[in-house]
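Next come two complexes built around subunit A: one with subunit B, the other with subunit C.
So, the complex of A and B:
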């Protein structure tokens, strides 16, 4: 875990600048992922550590519950731990599923964009490539979604029309891309470097500042953990 | 009304179906005949292009119009099918990935095309493969609508669902009965509509 760097002496009356626990980190990544139009870098190490922890906790709980010498008071504590485990699992699940949803949606874009591929786990990359083939030329070997389009429509069309990568004029591209101009609510976690807004104005966000702006502007700040999306 | 149709009129009808489906939040029956008619229109348009092309000389304006109609129709077809796939996937996740639950429902089944049934089956196998990455710790297909507040939940049985393994041993859920059970054990039954939180 990386300790948060000291903030710049902003008056902070409610909370001390404490180190984020793994769960707090996950919660932040979960919220960011849910609000960001793009797919954010996968948090494999964090997720693996948390899942590992969950498993050890579950094992310990099983052991204690089976132990006849466990007192009544301890049983109540065990129940609290179990409830907490379920709640953490909920966040993990929601986080994983949010990513999965975006991956399916942008599957075609992912297979042609090397940058976005680096942000996925191996399993996620596999899942994306099952939906569309790496090469869109050979439709016979097309994967799930393309295969469906092929079977339902493309194979019945004249040969000239049976491709999925046309680029006709005056028509939006056929590949769905994340819309990074979508507005998001941004909450500054610390003093942020100056950002330039689309209208040319600049904005200095102090710690605690909340603002609405296009995602593309704060993309870097989100990646560095200086702001969170809310 | 005359029989004469504008280029792309059928495509518009098809896209309207998608829009209606979104607005009413229902899956509408797969419109086989309309899809076929558009495919037929596409073939005719392609023939029209070929006929123009053989005449030799520079491309006449008609070519541009026909080509635009072709592009538009194709886009409408793809949009319609893509929209349906999105709905099918939503439906799949809404029941926690219980594919048999969807496919055994005659009402839903009658609205799907055969290829869509295949699609769902294959999609299911991909999701199961992805899920196995996490299978030791958690089930990613479980509900993500409401965070769990309690470990245990009081449920009422709406439809018989037979004997289910739970933490407290096997329970035979029969219609009308009430049970206090661990949420994680029976969550999928609530999602699929067998149990209801009392």
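So, the complex of A and C:
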């Protein structure tokens, strides 16, 4: 006999109704960041709390390791805690690297767009500006690439074409921008407000709804945690 | 670079497995352990032979050291999957399965095939299910437009599999119908 699923829902040990733990939150933000074409708001407090927790767990493991009288069962317990530390570290690392990748890619755009800057941490902003010239504020990645382009090519071009942010006719812009029209797979975590689709129709997403649509449509819903990208 | 090329547009199956391994599963422990605080929550105490709920990754770890038996989730049995397969092959829509069933089934069949009944039959049923559903999602590509495509009951691994074609096809459709109104390239 097939066991009857409890109250209409499919048996699933994915318990979405309970409050998310910090690790579950970070996992969701990590997956969102991996799928979203744009840079999402930084999760500084969450990340700091988890890093703190990681440190405490590592310290506890070190302490227990030093004790020579640990039993075999205690040994397994330490091994499990250690394994979890590595799992969490992997997620943290991948999350930070994903953001770093986008920041380097869109460095020039970040320096001229105030909205996207609000979504970065102070350290991330510094890194982005590492690459823009002094003329456009002191931002580092943007600075480095700009200097490189200028020295190699731009300085030899006519004055009218020697800037990266020129908008000559019939030529796509040279500043790389996030493509927010890129489609993403969306999974509704709760009943969502109505969204308007590119073809003019509207869509009400119920909890559990899965859909493919342009990122721009669900940008707000992702930021508010009403949907996740999968 | 900060992110290798292969990870830029999608996530990989091992990463999905990592996410799925956080879900809780029942075990019959063979060792006892005090209740322990982990980053993801507190688990235990383990008192053989009482069943306990712990994350899948932990169960896999203990299983590989022969310190527990994994209790298969209620959907991982021949009757249930056979039933789903019948639904899948007779109806036009996707039957509903747990969102991460592929990952979980794979992990359990890999490390704990001695804890489930008839693992070979399960494997072949899972394969048939996958093929039946794959055929349907390919059909779904026909109805794709630039706007939206609902994919109810599609599961995590299946979405990852169709992602490249679907995202690219939809991007192309978007370019084709893009509103020809204010175009910065044409109106200097």
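Worth pointing out:
The rule is short, and it goes like this: the second predicted complex is superposed on the first by the 197 of 230 C-alpha atoms of A that agree within 3 Å, B and C clash if a C-alpha of one lies under 4 Å from a C-alpha of the other, contacts with A are read in each partner's own complex, and residues count from 1 in each chain.
Keep this in mind: a residue touches a chain if its C-beta (ideal position, glycine included) is under 8 Å from a C-beta of that chain, and two chains touch if they have at least 3 such contacts.
Note that this is a predicted model, so its numbers are computed, not measured.
With both structures placed on the common chain, the touch criterion links A:104 to subunit B and to subunit C.
Of the two partner chains placed by superposition, subunit B and subunit C are both touched by A:79. When both complexes are overlaid on chain A, the residue A:152 reaches subunit B alone and has no touch with subunit C.
Residue contacts after overlaying the shared chain place A:199 against subunit C, while subunit B stays out of touching range. In the superposed model, A:54 lies in contact with both subunit B and subunit C.
One of subunit B and subunit C touches more residues of subunit A, and that partner is C.
Contacts of A:185 after superposition on the shared chain: subunit C is touched, whereas subunit B is not.
Residue contacts after overlaying the shared chain place A:90 against subunit B and subunit C alike. Legend: residue contacts after superposition of the two complexes on their common chain; A:68 is shown touching neither subunit B nor subunit C. On subunit A, the surface touched by subunit B in one complex and the surface touched by subunit C in the other have residues 54, 79, 83, 87, 90-91, 94, 97, 100, 104, 171 in common. Looking at the complex, you find that subunit A touches subunit C at residues 1-3, 10-15, 21-24, 27, 31, 34-35, 50, 53-54, 57, 73, 76-77, 79-81, 83-85, 87-88, 90-91, 94, 97-98, 100-101, 104, 167, 169-173, 181-185, 197-199, 201, 203, 208-214, 217, 230. Chain contact summary for the complex, subunit A toward subunit B: residues 51, 54-55, 79, 82-83, 86-87, 89-94, 96-97, 100, 104, 123, 126-127, 130-131, 144-145, 148-149, 151-153, 156-158, 160-161, 164, 166, 168, 171, 174. Within the complex formed with subunit A, the subunit C residues making contact are 1-3, 7-8, 10-11, 15, 18-19, 21-25, 31-34, 36, 38-41, 57-58, 61-62, 65, 67, 73-75, 79-80, 83, 96-100, 144-154, 156, 159, 163, 166-167, 170-171, 174, 177, 184-185, 188.
Within the complex formed with subunit A, the subunit B residues making contact are 35, 39, 42-43, 46, 67-68, 70-71, 74-75, 77-78, 81-82, 85, 89, 93, 113, 115-116, 118-119, 122-123, 126, 129-130, 133-134, 136-140, 142, 144, 147-148, 150-151, 183-184.
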